[in-house]
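What follows is a structure written as structure tokens; I'll ask about it next.
Each chain carries a letter (A, B, C and D) given by its place in the written order, and its residues are counted from 1.
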């Protein structure tokens, strides 16, 4: 039945009255998403593409049940918006905005974890269960329904892999872009756990990147818990120049992982098929 | 059996190695208090009057069960000390220190309320159950065991009323000095509730002062819940000049209460005997 | 520490609360410079710490440079409720559409900070509070949790504001609460908070009071100048000695006590017996021999004082030390006023022995009333009444 | 934004972390003044942002005014790992008894700030971390809870410090964590944290990096001067256009992509097929017609670039707008390099139509590999390989 987004998922957009908010409200409606409301302080009483706008999430909840919020406000407003969504107990919060300060993401993640609320992002294109719905900004036409679950740090690589699969006749169950920031609400392991229990998903694609530890942690998870489905992984940035570290602290916590080699080795060691190119990915899925 | 302090209450002093800490450690031992340890960061391993000193409350708890902590550190250190005691779940914390910033008291009170920990003070002489023990700095010799429970905002008036009673042959069950600050961990109502259930306490004396709302709230509590024991009240400051208010906010929240007249009227109206002088108090108890 | 309006506005500016463009002047030379730069019309506001400035004529307007000169001359040096005006704040005159009230202060009932807003701001907010309490909207603030933007919007929606004004107000409200916590304020208040004709929201006034006990860590206010208040010479002496001093005007009895509660109760008792307290010195915690001696010397110097009551406890203090302080004064000053000591507590036997050796009238086990009555008698003896 | 040592120490001072007495100089004139005032011996430390300063000879000592003059002359203008020394920090030379390490940074595994301390500080802390990890003591910090003094003491007790040093270190540690949160730091680090012979604890160095994305609200760093970095002219142009630019040295293929992930994967693919990327421009979110056009112009100007791959998605962007941007460049510049566009997503039909009308080689449904192969073929055609 896919994960996170279902046909009946009721969605709001925080920041619906901005330029991008309006554009993507339109796109979501075209994809038959149950977009029940928008939230913009000071714009309560207006509408966006016929969808009512409220001043606060609390006001929306007086009128509608809400399953998910998509946050599309400027970076400086993300913390306040996410805190509002969390404290109003929206169970799924997708933060599209990029350039969110890391300390804001730290607070958002800690608050969400405390309240057991799922945050996706920031800096993500969101989630799509093709044919069922989306909480995201992806063009629906390049995605198609099927049995491949996708987890990707990169938005464009989510598009790329999904559209490639679509053109080869292989549909997707759910595509989850976990976002490109160092601190994110949801990481590979969290989504692997969801796909594990999902009957629609037969194969999982992990699209990783250099930097961070999410891919290594996923390998550790698979090693410790096994995994009942086929996982195929790709790591972008194999030829990218090395980044620079600040101080000793970074070196101490990193201790060698985060490179493409470290990720490829960790994933291979636990039996995950790691491909070297995106085209190879199409062949093995 | 008196309230808050019993013969077996195990006490620590935070700030035991300071001048006052050492003096009152000695006085507590003379009063047969189970003073099990002192806490002063950096002085772990030393002792005060034969009582071992530790760097942290956590270290003490590795060796002793602790029922109460008396905090006798300088004002700027009270917040850290109280937070340490609260988070290490000492169930009774008595803050002797005066001149504690109000915002620190606000934080201490909120944290203690959340964890259901009882804080007495700041700016208090503490608690004494005469003949049983004390967590405070009062001279034990002017107190005596008996059936009068005392709740007082003022330290010196706690001494005064108790010693007067003592010399008239009337002993006290427990004397609780709730402290003179605007924000305090424990107020009249809280102690009234304790004395209500205490079989040793037959009569309760409330020693109030002008300012604040604690006496009015006690009157409201008695009105709403009745009270099975005799309460006698005295309000100090009947001839004191009026204080000055800042801004409108103060006037809005105060709206007339806080004066000696308001307190005397509120208490009288619910049937509490209000005396005009300290000597009259001795006659009616 | 109460802040002047312009100081409060400095803090507001730091906290991103919009305030009018303006300039503080403290001399006629500065006024000329300001007058040349000003964009007219302007408002000229006396910088005083006490209330009632508006009604006392401490706020005036000027349409041009000439008028401003006149107004500055009128206000500078004027006295409002006993306070001499030494600084003026010259600000752009706002085009006011509506006036709101916003304030935060400690609520004595809940012991929590209480946020209060009203769409009926301006000078008469206390009247509104009394007569139309439903036009005040309130919210308790959690000392452990930063205020949330959406909670502010929720609260403001009750006043009926909308759109751009709602958003600006929610920011002001949010920043005012941050200001309250960050600066360890007793009160932060904006009255009026002005909605201008162009829908911008501006704090036209500021009332900020910082907790004196927290000043040591509030760096922002450390460079706000305060002239040493003109104290009674005895009050200054007490301040130097580290003793709390309350002068009561004319009176015949000086009072020294080891705590405010007992001090007030003693004053009440003196009053019951027809005495009049001249002043009240609170030794507080840590009364050493020296502090006790200094307090006694100050009281003995007070004009009109014929008798002194020392109502003391060795609690956090020690009777022996205090007794030594008292006798040292007798040696030094040889006072002819009546002195009665009531004292007990830690080391009381040692203290009593010292006082008895000097024949100082002493109440050991008696009440405060007995002490007051004894003092009255001693004063009569010495012909002091 | 990485802070120079002296800037980090300014912040440390504000946060009550003790630092050595010292003075920053940026000219020989200032050096003379500082030399006259200094209390010798002193240490002279090059202010550079890159690491390895000590091993590169960027830190020197001076016993007197003459020596200081010599040392300043030696260091000023010297180049360390490509960075020219333009400022020197002259500090009292500490009487070092022991060196500790203290640092806070984001732990990628837990996504939490991680506090690390060690009694084995100094230059070789990375070696300690690798070889003796048990000599490092760690604690995760809760972003929702202020650090507690007693937790710091608990952690420090593990290193064996005691007494006065323990208390001072716990304050430093507490204040360093407050600093980390208050200034939205990526890293705050003290190495070495010195215990002097007289048992005072002083931060001898500072490494602070602020999150660039939070700079807009960190007032304290806004007056730290930064010279505009000497950028490649194309890089400056990209910066003005608001496009992220990564130069790769010599290469024959320019790459424009609508996101970092796809960009990296495209580079990898170019490499697989024997191409060499000259640079990589990431349009990011909000790629307008203008931004796309500017990016393409920059790439076409890159020396040595014979072919350009545009690997684009209309996600948050829109294919029609991007296509217009591309064709506008063809009209303006008339490039002779090969150009291949792979593009799909929102408004793809409109975008495709625009590109096809100009015969631009286009991959609609194909993979990135197909696009790279097509580009290689086009480049051969144009004789570009």
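Keep this in mind: a contact is a pair of C-beta atoms (placed from the backbone, for glycine too) under 8 Å apart; a residue touches a chain by one contact, two chains touch by 3 or more.
The structure displayed is predicted, hence computed values, not measured ones.
Trainee: Quick one: how many steps at least from chain A to chain B, stepping chain to touching chain?
Mentor: Shortest path length, in steps: 2.
Trainee: Identify the chains adjacent to both chain A and chain C in the sense defined at the top.
Mentor: none
Trainee: Which chain is most remote from chain C in terms of Cα centres?
Mentor: Result for max centroid distance from chain C is chain A.
Trainee: Can you work out the whole-Å distance between the CA centroids of chain A and chain D?
Mentor: 26
Trainee: Express in whole angstrom the distance between the two chain centres, defined as the mean CA positions of chain C and chain D.
Mentor: A distance of 50 Å separates the two centres.
Trainee: Between chain B and chain D, what's the gap in Å when you average each chain's C-alpha atoms?
Mentor: That gives a centre separation of 55 Å.
Trainee: Pick one for the touching-chains graph, please: line, ring, star, complete, other.
Mentor: Contact map by chain: ring.
Trainee: Which chains touch, pair by pair?
Mentor: So the chains that touch one another pair up as A-C, A-D, B-C, B-D.
Trainee: Residue numbers of chain C touching chain B in their complex, please.
Mentor: Where chain C meets chain B, its residues are 2, 51, 101, 103-109, 111-114, 116, 125-126, 129-130, 136, 142-144, 181, 184, 186-187, 189, 191, 207, 209, 211, 213-214, 216-217, 246, 248, 257-265, 267-269, 271-272, 284-286, 311, 313-316, 344-346, 348, 365-369.
Trainee: Name, in rising order, each residue of chain B that touches chain C in their complex.
Mentor: 20, 24, 27, 75-76, 96, 98-104, 106-107, 109-111, 114, 125, 137-139, 141-142, 152-157, 159-160, 163-164, 167, 180, 182-184, 187, 207, 209-213, 216-217, 234, 236-241, 246-255, 257-258, 276-279, 282
Trainee: Which of the residues in chain C come into contact with chain A in the complex?
Mentor: Residue list for chain C touching chain A: 148-150, 153-154, 157, 162-167, 170.
Trainee: Give every residue of chain B touching chain D within the complex, in rising order.
Mentor: Residue positions touching the partner: 41-45, 55-59, 80, 83-84, 87-88.
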